[in-house]
Structures are given as structure tokens and as C-alpha cells.
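Two complexes, one shared chain (subunit A), two partners (subunit B, subunit C).
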Partner chain A sequence: MSASTPPLSGPPKPQAKALNCPKCGAAIVLRSFGQAETVVCASCHCILDAKDPNLAILQQFEIKTSDIKPLIPLGTRGKLRGTDYEVIGFQRRSTQVDGITYRWHEYVLFNPYKGIRYLSEYNGHWNDISICKMLPMSEGASANYLGEIYKHFQTCDASTDFVLGEFPWQVRVGKHAGVADFVNPPRILSSEKMANEVTWSIGEYMYGREIWEAFKLPGAPPEAMGVYENQPSPVTTNVTGMWVAFAAFAMLLLALMAGFDMRAKKEPVLHETFHWERAKVAGETSLVTDVFELKGRPSTVEVKTWAPVSNEWIYLNYALINQDTGQAWDFGREVSYYSGYDSDGSWSEGSRNDSVVIPSVPSGHYYFRIEPEVDPAVPAIAYSVAVTRDVPVFGIYGIAFLALLVPVVIISFRAYTFERSRWSESDHPPMQFSSSSGDDE
Partner chain B sequence: MTQPVANCPNCGAKIVFRWSSSVQTVCEFCKSILVRTDVDLKKVGQVADLPPDSSPIQINTEGKYGNKAFVVVGRILYEYDQGGWNEWHVMMNDGTSAWLSDAQSEYALSLSSKAQNLPAAALVHVGQEFTWNNQPYTVSVITPAHYRGVEGELPFQYWDKTDVTFVDLRSESRKLATLDYSDPEPALYLGEFVEFDDLKLRNLRSFEGW
Partner chain C sequence: MFRKLYLLYGALVLSTAAFGQYRGWSLDTINQLKNVPKSVRDNPGSYRSVYSGYHHYTGGK
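Take a look at the complex of A and B:
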């Protein structure tokens, strides 16, 4: 460029300025290289004009308690979203709702290149906040910012109780602002109205441990109490999506069931009726059926028992025996049916039909040995046994269905209760459990 | 590129114009405000030392806007009751001039734009809507500002100002507009908010401790 001109000394490198409080003489450091409008003396709590070389006193405020201490001390540097920031200011604000005072804290963060951003803290819940560059659109009970919908959470009157350090605006204790919060967890959109000016800011929820990590603070962050406005739900699953997936899976199960049902041969292999009379049976009570053949691949065998019992029972000891190998499957089935009338009306219990499925029986020649035990009240009874090969088994589908349904229901319930706690603190609390509403989903 | 060269009529130092269309510059040595005439430079005023400011940008800072490279050649410094801001005059590598405003590290890049029937300052109020180039804008704030000083090259004469009214308009997107009432005829600037990182700035100032 202008090679012949002597090099300019240039303006001096900006440095953090050290000054003294005009009121009490305490040292005051200006950390923001002139971006601050006001600075607060830490020892006498004068609000001073940071633009004035003599730091004119703008306001002096009384503090009743001396234990208001920023959790992140002024001057602390930390890395937030990849950028170094220094804490230069701190204020406590409060609002009254139904006679209860709610207090929260705001920290002013500074980087000479990236400018100012803010942290807010309420009961251990943190937000990383910056001023909106774009204008959000208010749409009644919601606001639209960058194409995302934020639901109105609450509107309150916030007043400043306590200030410390530097602020890029004219801060005063006792100043009020109308604050409206709109949420789309983990983000929060807030408008702050002071006099004629409306400032919109956008925040993102942060956990105490993230703040502690960013600013390398000693100890542990205060535990977060309750659910905060824009706190992300611990249920990270998209509940609607989960139900859609569940429905798809249920359809798949149904399709599988239908497929297996169609594929099953359902081949009847035996149907016999037996007449039992107490008078005729002596010592020998067991009987054997005809021999039948199971063909093809190992398959299920369904044994259906029918007995015309009425307030009686019959118990059959079955043994399915392979004639060729002698392999046996022993099992017992009870058929009982009771019915009657009582003060509640008619009732019944049990069934005249019983069914059981033996899984995976290899091919071969088989017969049943049956040993009936009969209700002493029954003198004689005819019961029938029907055997079918290769029947579909649906129980496993029911188990699969339940195995999927249970977590889906639990997750949905957890998501629901979390959203309930969130919105119960808002201007739009959800209705009581008895009358559910769509307000909180 | 040949750069127009002249000498300061006040102190004789060499004045190099980085931008051939510059109308005004400030001598880096004696802080004389110099205006180009057809033949030479005329001293029209003197800048007092600018107050220390916090902008990381300085004359000769280079950056990128979209696919265009730019260099900062001048600035106007304003103050208002909530602080100050800089309008950095930048020269694009295609020869156009633009303004990079830096208000407490909020950056926007604007270009001078032509529009019919710009409203008089007295007739503008917050919340009012305007549409320019098919883009609706809403008046967000009206700022009575105070001219504080100039530095480097500017595309027009700008030195004998005192109070200036600015009307800032925002949109639902990054786009913004500014109405500048420095002169009897209002001037319109259309631009957009830009991210510091996207500007890929070089030759920035350094800050002690950062």
C-alpha cells in the first residue's frame, strides 16, 4: 500500500481499564473495552456511568442482604459454544405471582469480537441467551421465530433487585420490564418491554454441569429444582413417532399372524369320542386311541378336549406316544364348567372345551394313552378328543405385542407427566387429571 | 490496480485512495478532513481524536461477504444515548461500496438503495411497515444519534454533522433497512445481519488479554 509513508504508531491496544469508584474509592475494572454503559461498584453499590471518564454516579442502591453472590464470579472466563467469554455483569431480578416472589439471576458475558451474550439461572436451571437478530412474529398465544413455533408460557413484570459489574445498557435497580416467555424446548423466546422499546432474545437450556464445565467452576452446580419452562424433556423419544412405529409393528405382527395362519396346514389327524361309566371301570382306567400318522416336518400338535360337564369336572392324563421310538409327551388337562346365580346375577366359570398345543412333534406314528379322572358326582360321561397337526400358535404374538406396548405406554406417560409439571408453572396450567385436555401435549 | 495518490494540503503527507470513487478522506497524520475536487484535495475540517472504542474492526480489515472480498476503507462513528456504533465503509472487490455496521458486536452489511417517496423523519413511528424491493420491513427503533467523527475514505462528504436521526427497520428474516436523515433528502440503506464468523475477517484489532 502506501510504502513510502512512515508507519503509524496506531491506536494503543485496548486494555481493561482500572478506575476508582468516585464514591468510595474502591477499584473498578472495566472489562468490556468501552462496550459497557453502566458499571456497578462492588463495594458501595453505586451504579456508575461507564462512558464517563470520571464514572459519574447514576444511582445508589441499598442492599438488604449481603449474601447475593454470583455463582460465576465476575471476571471468570469460560468457553461457551466454542467462544471464550468473560463474565462482566450480574443482576438479580424478581417477579411477584400470587404474592410469591420468584427470583432469578442474569449474567452478562463479553467477548471483544463476538460481543455480548447472557446466561440466566433460576433454581439451578440455566439458559444461554442472545439478542434476536431477526424479528419474531407474535401470533396470539404463540410466536414464530425462524420458522419455529414457540408457545406462550407466561407474562410477568420483572424488576431488577441487585446489580454488579458492567452492563451494555442503562441498568437501574428498581427498573421494571414486561417480560413474556414463549417456549419450544430446549429453546425459549422472550420479549422484554421497557418504555417504548421491545427487545427479543433467544435462549437455549443448559444444565448446571455444562456451565460448571465451561467456566471451570469448583464444586458442583446447585441442583435444578422442578421442571423449567424450556427444559428439554428427559423423554427424548418423539412420542407421536413412537406410536406410529408401534402401530406399524402391530400391523406387521398381524400380517405375520395371517401369513402363518395361511401357511399352517391345520390337518386333522384324530377325532374320537369315549364313553366313560363309573360302573364299568374297575382297576384298569386308562385307554389308548387309534394310531395316527404325523407327516412332514416337525410341527405343532393341538389336542382339543370336549366334555359336556355342568358343575362338574373331568381330568384327563394324556400321554402322546411315538409308536416307533417310544418317546412320550405327558400332560394333563382339566375340563370343568360351573355356573349359577347369585345376588349379582348369573355367573359361570370354566369351559366345556379345552385346547393345548404341543410344540414341535416330529413325524411318525403316534397314539394317545388317556387316563381319565372324573368328578365323583358324575356316574357316566362321553368326552371327545380331536387332534390337529400343524396349527398356528399366536401366543408369541401377544407377548411381542405386550412387550412393545408396555414401554411405549411407560414412555408416553413419562413424557406426559413431565409436560404437565412444565406447564403447571405457566400461565396456561393443564386441567386436572380427571378431565384430560390437549393443552399440554 | 492504480490507486489515486495525492498529498495532504495541510501537512503534505501522502494520501492514497484505496477506492477510486472516494469523495472524502481523513489524513492519517494530521487528521484533516480532505475532500476531493476535480484537481486536488481541499481541507474542509479537522477530526478530533476519536474516542477509544471497542470495535474489533479497523481500517484495512479485510473480509468476505458472500463470494466477494472487501476491505474496510473508512468509517463514521455515531453516538446515541445507549452507546455508540460504527458504520464502516467497505470496498468490495467488484468496485462497489457498502457499509458494515458494528453496534456492540452486532454486525450488518448494507448497501445504499434507491426508493421513491421515502417518509419524512417526523412521519415515521415505531411499528410502521414499509415495503422495499418486495420485502416488508417494520420500524423497530428511531434513534436520535450524534455524529462523533470520521476516519478514512467515504463515498460522500460527511463531516459537518451534529445530530442525525436514524430509523432502523427489521424484517422476519435477516434483512434490515435503515433510513438515514443526515441530509435533507432521506437516504435508504438495505442490508442484512451478518455473523462475525461468516465475514472471515482478517487484520482485526487485538485486545489486551484476548
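Take a look at the complex of A and C:
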């Protein structure tokens, strides 16, 4: 807004021209200082020629309902995007698509220095609209305006149902216009074709609360329903950029995994085979291994167990005990393997190998206490225990990968569902549903 | 904005993964005990694992 523009919101107000309706005698107020082509009598709904000093009657229409009431009353003044405007006209328009009537409202705003602009409202979605200063270039399913590409959204036939106040054109109820919308959220480019005249307008999405604040309207704006054609997506992030960032992180994670895998010592510290015989272990079954030394920083210790079981099990109660400090890591591992043959063919489950990784074991002298429990059907079995220090845990990378992936998937899904909702209302829905053959019969 | 947050978050995830790997984190659940008596080495039966005596799977299809 230029500093020289006098405000409209504060007193003193500019003087509006007061006239009377030639049909019903009701007072007619002209607020647009000669810019109006037509003015509508609020009392008898006559559309009058605002350019005629006698206000010639151009059309009279009847309203079937008294529910049509502008959300912003005529004469309301407010500051829209830094400029003062007064609401001077209101019209309701509609279109029919597949037998469903869609209605929206348009408000004519006037500033004596800035001229006319418009607000449109549909289901709580608002647009601030002005006439294009340059002719957009229509390129098939898209249009180019000031270097920005707008995608075609829909084309429909719009008719005017109801008018009130002043209009800078020859407004008529029942008048039809071919409307084509092109979108580049939050902007919308519309062409309106009447007879041989095409008018292009550019709009920008506004939230109801912004309108309410601008015109200082009481209460709360109607809640926006659904997704509007040029409504900005709540996902403001560049989704492709997010995937690029994810790919970069995944590569780094891979490099990290390779680096730690090469750096891991994978140092064997114990490998023993134990023989268990039921006849010899009538009493205590537990045993201890030789003492081994773990060196260096706290690291993982992998315990691998192998037992030649076949349709049987062996369970080993392990305790890795630090000989010096008495600290112990206690865990149990089962090795079992079952196989057979039935009507579905051969099957197997379990494994003769088991592996477990003990976390963050500090350096020191250790030994294992092992207490085997064996399937009652097994008279004797030999099992091996192999202990390796400082092994990489690949599961950590798996969790990190998922942690990196999940936010990107959520963002992408939100963006996709929003755009899908937007375009499902267009002439180019994301998925075409073919009608059943029964409809044609 | 969100992309910057994600970059920060990703860096944190990678750092945590690297730190965990360096410190020897594991995904297995292992019960830790303290002050196991030294006599266990000479008398293994004096220690009882918290996992011993469980019912074991006697599987098969």
C-alpha cells in the first residue's frame, strides 16, 4: 500500500451517493464513485443501470429463499493485504457437475484509489482475486502467467443465481459463463468466457481467519470443508528433496556399516566343545570354561552355540562372569531343530546354530558358567561354544535405516493424500473409475 | 523448515548408530548381575541362572 493512499477504515468516511429505486422507492447507495455498471436494489431485487441518472431497471429477479446472506455484509470495510477495501457487491454463482449443484459466493471489493478486486468463498475456502494485468498464455492443459505454469483443473459452466449491491459489469441473474480454472497453489488462474469476451483473473488462497481479521468480522469463519483446488498443501517441504536427503543418509549409513565392519576386530576368545551324557550327570550338570581375557574398550561379545540336534532340543543357561569384579551377564539359549514330512511335503523348523550378542562388555578376565538342559529323549550330545569379541551388530543399522525412512514416508504419504484429494475434484482425477456396464443398459 | 529438521534428525540418527556401534550396543536382551561370588568358578552349582528350569519347546509341526 502506498503511503499516499488515505485509509478507508477510519473516519471521516467518503460520502456515498444516495438514490432511490425507481420501482420500490427504497434507498440505493452507490459506494463505488461511478465505477459501478449495475446496482441491485436490496428491497425489490431490481438490477438497475448505475450509469443512468434515472437508474433504469435492467432486470428484476425473484429469490426463492431468504437464506442467501453475505458472510461479509455490504458496506463492511477492512484492510486486505495492506489496502483498505469496502464490500460493495455480492453474488452467488453455481455450476452443475454430474447432476450435483455446487455453489460459491463472490464479493466485490472497492478502493477509490486501487479500484476493484474480488473475494470468492466456497465451503469455507477463500480466494483474493484480481483481474490479470497481462494476458496469460494458454498451452493446452496448462497456462503460463508471468512465467509461472498453472495446471488445468476444471472447466465448467457457471451461472449467476443471486446478486446484491454494485457491480463493475452488466450483471444479470441467470447469466452463464464458461469458466476454466488453472492452479498453481496457492494461486489460481481463471478464465471466464461470456459471448466473445474472455476475462482472466488471478487469485490467491486465503484462510477464513485472515478474512475475519481483515474485515474485523464477529465470531469465527465457517470451517473449511475438504481440500480446495488451490489450497496450499500442509506439506510445505519439497518431498523430492526429502527423498534425496534420505538417499544421502542411507549412503552414509552404508559407509558407516562398512567402516565399522572393517574396523571390528572379530577376535575369537574361546572355542570349546562339550560332551554331555545323561548317565554321567546324575547330579550337578553345570560346568565352567577356561578363563579368557577381553582387551580394549567395552565391546560386543558374540556367543555362538552349535549342537547336532534332530527333532530334539538342548537348552543352555549361560553366565559370562568377570572373574575380578563379579559382574555377570546371564542368559539362556535354546538350540532345537525339527523336521519331517507330511501331506504338504517336507518341513523343518529351528536351527542347529544359535547366536547371541552381549552388549558393552568391558575388558577383564572372564569365564562362562554353562548349565545344559537336554531333551529327555537324548542320551548324549556334544555341543560347541564359540565366543568372539568386538563383532558388528547389523541390527543397529537396520533400526537406523527405518528411523531415517519413516519420516520421509509419512511426509510423502501426507503430500500424496492431500494432492489426491485436491485432484479428485478436478477434470483430471488421479484414478478414473469406469462406470459399470449396467448403467448403459 | 521440515527438511532442515530432517537433516538434523538424520545426523542424530547416524551419530547414535555410530556411537552405539562403537560402544558395543546389542539388540539382544541380556540380564546383568553384580557381585557374583568368586566361588562359582570352583563350585558352579552354587550359582543358579534366572533362566534355568523353564519349560522348553518340544516343537515340531
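Quick notes on this one:
Throughout what follows, the second predicted complex is superposed on the first by the 409 of 441 C-alpha atoms of A that agree within 3 Å, B and C clash if a C-alpha of one lies under 4 Å from a C-alpha of the other, contacts with A are read in each partner's own complex, and residues count from 1 in each chain.
Basically, contacts are C-beta pairs under 8 Å (C-beta built on N, C-alpha and C of every residue); 3 or more make two chains touch, one makes a residue touch a chain.
The structure displayed is predicted, hence computed values, not measured ones.
Judged by the touch definition given at the top, the superposed model places A:Ala245 against subunit C, while subunit B stays out of reach. When both complexes are overlaid on chain A, the residue A:Ile100 reaches neither subunit B nor subunit C. Shared-chain residue A:Ala279: touches no atom of subunit B or subunit C. Of the two partner chains placed by the overlay, neither subunit B nor subunit C lies in contact with A:Ala195. Between subunit B and subunit C, it is C that contacts the larger number of residues in subunit A. After overlaying the two complexes on the shared chain, residue contacts for A:Trp169 are found with subunit B alone; subunit C is out of touch.
According to the touch criterion, subunit A has no shared surface contacted by subunit B in one complex and subunit C in the other. By the touch criterion given at the top, residues 13-14, 16, 18, 28-29, 51-54, 56, 58, 60, 81-83, 104-106, 126, 138, 140-141, 170-174, 193, 196, 204-210 of subunit B touch subunit A in their complex.
Of all the residues in subunit C, the ones that touch subunit A in their complex are 1-3, 6-7, 9-10, 13-14, 16-18, 20-38, 40-41, 44-45, 47, 49-54, 56-61.
Residue ranges of subunit A in contact with subunit C, taken from their complex: 235-238, 241-242, 245-246, 249, 252-253, 256, 260, 284, 286-288, 297-300, 311, 313, 315, 317-319, 321, 323, 326-332, 334, 336, 338, 340, 342, 347, 349-350, 356-361, 367, 369, 371, 373, 375, 390, 392-393, 395-397, 399-400, 403-404, 407-408, 411.
Subunit A contributes residues 1-2, 4-5, 8, 11, 13-16, 32-35, 37, 51, 84, 111-116, 131, 133-135, 137, 144, 168-170, 196-197 to its touches with subunit B in the complex.
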